[in-house]
Structures are given as C-alpha cells and as structure tokens.
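Which chain is which? They are A, B, C and D, in the order written, and residues in each are numbered from 1.
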Amino acid sequence: MPVKKIELDEKDEASLKNRLFIIVFGNNTKLGRRFDIILLWLILASVLAVMLESIPTIGPRNLTFFLAVEIFFTAIFSLEYLVRIWVSPHRRKYIFSFWGLVDLLSILPTLLYLLFPAYRYLLIIRSLRLLRVFRIAKLVKFVNEGQALGEGLRSSFYKISTFLFTVMITVIVMGTVMYVVEGPENEFTSIPQSIYWAIITITTVGYGDIVPQTVVGKLISSVVMIIGYAIIAVPTGIFTAAMVKAASHRKECEICKYANDMNAKYCSGCGVEVR
Amino acid sequence: MPVKKIELDEKDEASLKNRLFIIVFGNNTKLGRRFDIILLWLILASVLAVMLESIPTIGPRNLTFFLAVEIFFTAIFSLEYLVRIWVSPHRRKYIFSFWGLVDLLSILPTLLYLLFPAYRYLLIIRSLRLLRVFRIAKLVKFVNEGQALGEGLRSSFYKISTFLFTVMITVIVMGTVMYVVEGPENEFTSIPQSIYWAIITITTVGYGDIVPQTVVGKLISSVVMIIGYAIIAVPTGIFTAAMVKAASHRKECEICKYANDMNAKYCSGCGVEVR
Amino acid sequence: MPVKKIELDEKDEASLKNRLFIIVFGNNTKLGRRFDIILLWLILASVLAVMLESIPTIGPRNLTFFLAVEIFFTAIFSLEYLVRIWVSPHRRKYIFSFWGLVDLLSILPTLLYLLFPAYRYLLIIRSLRLLRVFRIAKLVKFVNEGQALGEGLRSSFYKISTFLFTVMITVIVMGTVMYVVEGPENEFTSIPQSIYWAIITITTVGYGDIVPQTVVGKLISSVVMIIGYAIIAVPTGIFTAAMVKAASHRKECEICKYANDMNAKYCSGCGVEVR
Amino acid sequence: MPVKKIELDEKDEASLKNRLFIIVFGNNTKLGRRFDIILLWLILASVLAVMLESIPTIGPRNLTFFLAVEIFFTAIFSLEYLVRIWVSPHRRKYIFSFWGLVDLLSILPTLLYLLFPAYRYLLIIRSLRLLRVFRIAKLVKFVNEGQALGEGLRSSFYKISTFLFTVMITVIVMGTVMYVVEGPENEFTSIPQSIYWAIITITTVGYGDIVPQTVVGKLISSVVMIIGYAIIAVPTGIFTAAMVKAASHRKECEICKYANDMNAKYCSGCGVEVR
C-alpha cells in the first residue's frame, strides 16, 4: 500500500487532496458532516478530560491515565492539523487564519510538554497545557445561526463601543472619587482597585469583597448602582432596535431586487409596480 | 346506591366517564372550572404543608400532624390520578404524558413511604417526599397566557440556544484562564470551580464566595463582568424582536394586498371592506 | 374676622369651599400649583427629618428638637387633611380613597403618640411613626408621566403575571431541589430558606450569605443563574413590545376618529379617504 | 524668529489665531485630527500615570519620577488651555463652558500643589491632585456617535426620570419597612442605611454586607428583588422604543404623503421619483 501511494501520479494526489478538502473543510457532503460530528465529540471529550484532570481529588491520582488520554487526543488533533495544512489550497492563509491558530494552539502545549520533559519548568508548562481547553473554540465553527447574531452585533458595534467607552469613563471617574472618599483604610487601596470596585458595582455583579464604609461612599455607591441599573437599557435598546429592524419583513422587487416595504405599491428602487 | 352503580349498563358508564372527562380534563364547563379551582387550592395547601414541615422549628415538633395532612393530600391526589386514568380515552398516552408523570410524581414519594415504613432508609425517602413540591408544576396547566409567551420563546429558541452556547464557551475559556492565573491557592481549586465562578460573574449574580486576588485576575474578571453586562442585550433583543413582530400581526386585503391593521374594517390601500 | 366668617351665608361658604377645592385638589390654577409645590417641599422636609432621627449618632441626642419638628409637620398635615375632608364634595369617597388613606396614615402615628404618651409601648409606637415616611407616596400625585408608564405596565400586566408565576414555580422547585441536595448543614436550613436562596440567585442579586457547597449544588446553582440571566429578556420583551406599539404614530380619521396606520389612504374605520 | 513674531501685524496674528483655532477646536482638517489624536494619547498617558502613582507598591517608591511626569503633563495641558483661551473668539463662553471647566480642572490641582508646596495640607492637596483623572472626560469630545445615543436618552429623559422617581420612592418605603422589621441589631442601623440596602437589592447588585436575618425581612427582601428584576424592563422598554422609532425614520412623498423608506428612490404610494 505505501508503495502504491508513492506511485500516485500528480492527478491522483490532487484528486485525493480535493476529496479530503471537501471532507475536512466542507460541511455540505454526508462525509463532511460526519467528519465534523466526530470531531465535535472528540473536542468535547478532550475538554472534559482537561477539566477532570484539574480537580484535586481526581487529577493527581490518575496522572498516567490522563497523560495517555492527552497523548491520544493530541495525536488525533495533530493529524487533523497536518491534514488541514496538506489539503488547503492556500496553506499560509489557513495557518495564519483565526481557526488555523486555534488548531495549532490546541496541540502546541502538549507537544512542548512531550518534547521537553527534562526541563524543570514543569509547573508553567502544565498551565500552558490548560490552553488545550481553547479547543472548545473550535465548536463555534459548527454554528451557523451565530452569523445572524454576529451581524446584529456588528451593525450596532459602533454604538455599543460608544456605550462601553462611556461606561469606562464613568468607572474611572467614580473609582477615583471613591478612592479619595474611602481611602486605603477601607480596602480601596489604589485607583485601579477602586475602578475594579466601580466595575463590580456598575455591572450589578456586587461580589461584596470591596464595599464602602463611609456615608459619602455609600451615597456615591448608590448613584453608581442606579446608573448601572438604568443604563443597561442602552446596549439592550441598541441591539433590540437592530434586531427589530432585521426582523421587519421586506418585499423584494423582481426587477431591481430593492427590499420594499411590505405595503409598497411601486418599487422604491426602480419605480415599477410591484406585486 | 352501590348496587345501582354495579347495574349500570355500558352506555351509562360511558356517559359517566364522558361527563367526568369533561369535568376533570376540560375547563369549558362551570363544573370543570370549579373542579380546577378546588384542585388549585388543594395543591397550594399541600405545597405549603411540605414547606412548613421542612422548617426546623415547626416540622419535628408536629410530625404526627404533618403525617396526617400528608396522607390526606396523597389520598385526594391518588383518587384524582386514578379518576384521570379511568376517564382518559387514551390511557397510555395520558400516563406517559408530561402531566401524567407530574401527577404520579406528586403522590409516589408518600405512597412509597407508607408502603415500606420498616425500611431504615428513612432520610432518603424523606427527601424523595419533598418531590411532592413538584405538585406546584400542576398549576402551570391553569395558565393559558403561558402559551403565548411559550410561542415567543420557541420562535427565538434557536437564536437563544446559540447565545447560551456562546456564553458556555466564553465561560469555559474564561474559567480556565482564571484557573491558570489565580490557581488553587485563591479558591480557584479546579477548572470546573473556576467555570462556576465565571458563571456567577457573567450572569452578574456575584455571590462573592470566590473572588480574584491577583491583579491580572481582577483585570480578566472586569472583562468577564462587562461582557456579561453587555451581552444581556442579546437574549433581550432576540425575544423583544419576536414579541414586537407578534404584536404587529396584520390582516392582508384580498384585493390590493395592503397589510391592514388587525381591527381594520376597510382596507387602507383601496377602501374596500375587509373581512 | 372670625365673626365675619360665622356670618358668611351659605352661598359664600360654598364659594370658599369651591375655591379651596380648586387650590387643594386641582393643579390647573397658579395658586393650586403653588400649593402643590409648597406641600411637596414640606413632605420632603418631613421625610428627611424622620430619616435623620433614625441615625444613631443624630436622633437620640436631639430628641426634643425632632419632637418639635414632628409636631410642626403633623399639625400642618392634619390641617391639610381636615381641609381636604371639608372641601371635598364626596367626603366618604375621599377618606376611603388611596390618597385619603395615605394622608391619614402620614399623621396617625404622631397623633397616637401625642394622645397616649403614658403608654409604655413607646418603641412599637416609634416604629409606627416611621410610617410617616409614606408621606413620600404623596409625591407620586405630582407625576403625570407616571400614568403613561402605568398604562404600558397595565396593558402587559397579564403577561407579566404569567412570567412572575413561572418564576415563582421555578424558584419553588429549584429551592426544594437545593434543600434536598445541600441540606441544613450548608445553610439551606429549610425549604423556605432555600426558596429565598433561589430568589436571590434567579434575580441575579447574589448576596452570598447562602451559597452552595457541594458539586451538584453548584451545578444546579449555575442552571438557576443562567435561567435568571436569560429570562430577564421576557419582562423586558413584553414591556418593550407594548412601548414600541404605543410609540408607533397613528393618523386619526377626522370623521370616525379611527387611529389609522401612518401610510393609510383610506380610513380603516369608515372607508373614507384620509389626508 | 521671535522678533518676527512680535512684528506680526494684526492681520497676520488674526490669521495665526484662525489657523490655530481650526487645529485646536476643529477636527475637519488633517492637522486638526492629528492634534486631536496626539492630545488623546497624552490624556490617556497622564491618566495612566495618576493610576500607577496611586498603587501602594509603585507610587511611594517613585515620588520624584511621578512628580516630573506630572509637571510635564500639566505644562502641556496648561499650554493647551492657554492656547484655547487665546484663539477662542468667545473667550468667556469657552472658559465657562463644560469643556472649558474640565480643561481647567485637569491642570488646577497640580498648579495648586506646585504653587503652595510649603503648606502642610499636603494630604488634602494630594487627593485634590487625583482630580486630574477627570482629564479622561476630555475623551468624550472625540466621540461623535455619543450624540446619537444622547439624543435617544434625552427624548426619553422625562420617562426615565419618572421611572427613577418611582424607584426612589419604592426604595425609601421598603428601606423604612426593613428598618422597622430588622432593626439596628441586624445591621439595619438607620433608615438611610436601610435605604442603601434597598438600593443594593433593587438594582440586583447584592453586595451581601447588609442582609436580612428575620423571616419577615427575607420575605420583604424577596419582594424587593423581584420588583427590581421585573422593573428593569421599564428603562429598557422606554429606551428601546425610542431607538426603534429613531431607526425607522421615514421620507414622506410630497405628492401622496406615503411614508417611504429613507433610501427609496421612487415613492411606494404613487410611483413618482422622490428627493
């Protein structure tokens, strides 16, 4: 068999690469979908293994088992990565694409660990290995509906940035004021720490690890809370308006494809009567 | 009377079953509605009894009273369950329907407790008995408006799934990063624990039992909070768009196809009366 | 002056009552508005006095001052209450109306305290006096915009009830499950206590006084959090849809007053062409 | 060069002022934009310096460095402030405008500190210096999109005020009730403190520093939480309705008054070209 493979002429190889490309990158064929589903379960299983390994009562007692599991998954994902590079028509483009980097990132930590086991920086490498959990990001590829949502977010991206920018400024100003009012003796040890408190408060998370002690501090705190409570309306309003607009049905003109209003009689794009 | 009942011919029994079916399952007749309301109050009373029994200062001192109350309610609900099975035209369908299982679940724990009192697994059985609180789920049947809301949720189910899926991935990735950054010495004892923290933070619940201690941890934490604060807009936008769309149902004119208001009498497009 | 007042014939008294009625109950005349604004500031001042009195470092040291202030405000509000009763054309209706009861409630505690100072139930009466803070509720009268919002809420009242009802059932079921899972040793001391925890969690308040300790508890907890985070969309969607509908402009027919669509050519109510 | 500058006749000076005005106040020319971007980075750098100085492990060890940095930034911003005053056609108007005051506020604390270093009120002056963080507010000027959002907020300002007013009254009433129910022994030490608790709870922040201990307190607490959870819908609904309305601007046909889409070329109502 290997002999035969070597003897494959260029056309056959191209055809094999093409078929593999359709299976590995596409999801329109039956085989392509099956490949995707198997990969999906492998990713989930490998993420689960990483999680289980991190639990103090499970991981340290089964080091050999988890190492074996890890090598198994890394081997599979490495193979997948190499195949993807091989069959890709624009190799460089794939390697430096977002998903190419995610694919690399999900195998790199284990490879480093296996290649340089002699090094004493084991602890740091171990935490690098945790990056394998990023494999979960691969799952996003399987979602199409995400794109619709993404477009909704993108169309209101600039407005949401403005909102976040305003929140940022509010948080910096309020954090500084609280640092002056409460001071280091009440856990507001520095401006960044006070800004951290302001973020906790304005997002209504409210851990309670840093809380105002003075009367003035509580007053300002109340203002920050109510601001946070009221301005949640802003991102919601922006995004909802975008969604409502997207949801409003349109009657497409058969001639110029202009998306007319549902109750239009004449096309707004070319002036011809529409049905 | 019992003699007469036994003498009932098949037609009479069928008629009795039919009438009972209308009373027990339907809510269009006066008797059916009265039956529903009495059942409603019985369910609420029984749930209240379970709650009161669980309070340390009330339950243990009145064991006999609560046992009697429990037997009383179980007898009534068992009778109701048997009647429902008897009068149902498709018995198997009812038994294995959602509400059939809820009806069974609300009597089973007490029956088990009464049938096998000798068993020493009292504590476990006691907690099973708490499942009686699920009787509260029976109340949902009485709500019609729920269906309208349910449809709104269903129509945006796929989008909300995508949203929850994205939240899930964010939470796993952020949890893992925090586990690496904070480590077991700061209560981030394992990846699942860190993911639990990420869920607490992204949903803006913020218990405060697990909080970041390091500067980097607080930075990442702030990012998670702001993500959580901003993307609450997504489910809200999706659902609101669905509701707005549902609120603007239109009655199309048969002649000029103008999308009239639901309560229009004459078409706004051509002036002809619309049905 | 008092002599002249007694000599007033019935017509004059009726005219005085009428003028007072317009000042006290109305807000269309200059005097009526001025009366409202003075009353507004008096209410705010009296509420502030009650608040200040409750502060441990202020109240106990100035008992005589706060008593004098209290008698002053009670005298004014008592006078206002009596005038309102006197000038009201439907006295019984006013006395038992919501605002009539609020007016009574805001003077009653102090009157009781002044009439029966010998009684030793001082502490309880003192807390009754705190009800004077309800005077703040009088302020609502000055808000007209509130009605528009109120209508929005009322039109979606039934849907919001259904939502709250579903939340209630979720909270009872989840609370009971957590009581079984966590048990009294982890602060989930009773079912009502566990339901209290579920409310804290589903509303994303998250005090952190009751937190799950077991792995299963944390898992269920996460589900409750995500439910709470996602279904906030429901009341928001309902209310927003109502607001959007209310905000959509309408073209009123000059003949039948039907609120036509903005782009209607013919009135939907009577079929006549509209401008 | 300075000699030549002095010799500038009035026309030249006016022309220099004019050119500087376009660069400093405008953002339409290339130079104006470049000036804005450089200023942006200087502001960010200076704010960062203030933050770093406040950190206990960084600030006290590098006092001289931070003082130098501070003098550097203050010199630049003072120069900018003077140039703005010089080139402004309406000097008084600029000085007392919002941004004029912000510009002054961002240099004043350091100037005071440098001018009166002998004074022993160093600690208070140090906290005044923290006001330099307000420089961040200058950034808002660079955002144009903010205006669109601002208009959305302004158009619904009155409704949001009503909402906040209602929240305020709810919070005062609930806080007082809780003060009566829980009392000073459970951390509800005064009415203002209890109102602070009510704000923490209704905004779903939930620090957990003040929590109810009694059964009645927990019940009222639950009501406040659910109110807070449900009425978040109100500001969101108001703002979203304003955004949706703003998103659906229409271009009215001059002939048939049909409300066309903003990018329509031909009227949907009569087929005539629209401007």
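One rule holds in what follows: contacts are C-beta pairs under 8 Å (C-beta built on N, C-alpha and C of every residue); 3 or more make two chains touch, one makes a residue touch a chain.
Everything numeric in this text was worked out from a predicted model, so none of it was measured.
Trainee: For the homomeric pair chain A and chain D, should the interface be classed as same or different, according to whether the shared residue numbers exceed half of all numbers used?
Mentor: Comparing the two copies, chain A and chain D contact each other through largely different residue numbers, since under half are shared.
Trainee: Please name the chain that ends up farthest from chain A once chain centres are defined by their CA atoms averaged.
Mentor: Relative to chain A, the chain whose C-alpha centre sits farthest away is C.
Trainee: More C-beta contacts across B-D or across B-C?
Mentor: Higher C-beta contact count between the two pairs: B-C.
Trainee: Roughly how far is chain B from chain D, going centre to centre by Cα mean, in whole Å?
Mentor: Taking the mean C-alpha position of each chain, the two centres sit 44 Å apart.
Trainee: Between chain B and chain C, tell me the centre distance in angstrom, where each centre is the average of that chain's C-alpha atoms.
Mentor: Chain centres of chain B and chain C, defined by C-alpha means, are spaced 31 Å apart.
Trainee: Can you pull out the residues of chain A that are in contact with at least two other chains?
Mentor: 163, 192, 204-208, 228, 232, 236, 238, 240, 242, 244, 263, 265
Trainee: Report the residues of chain B in contact with chain D in the complex, numbered from low to high.
Mentor: Listed in rising order, the residues of chain B that touch chain D are 204-208, 236, 240, 244.
Trainee: Which chain C residues qualify as touching chain B in the complex?
Mentor: Residue list for chain C touching chain B: 158-159, 161-163, 165-166, 169, 172-173, 176, 179-180, 184, 189-192, 195, 201, 204-208, 211, 215, 218, 221-222, 225-226, 228-230, 232-234, 236-238, 240-242, 244-245, 260-261, 263-271, 273.
Trainee: What does chain A use to touch chain B in their complex?
Mentor: 47, 50-51, 54-56, 59, 127, 130-131, 133-134, 136-137, 139-140, 143, 145-146, 148-149, 152-153, 160, 163-164, 167, 192-193, 196, 199-200, 202-209, 228, 232, 235-236, 238-240, 242-244, 246-248, 262-263, 265, 275
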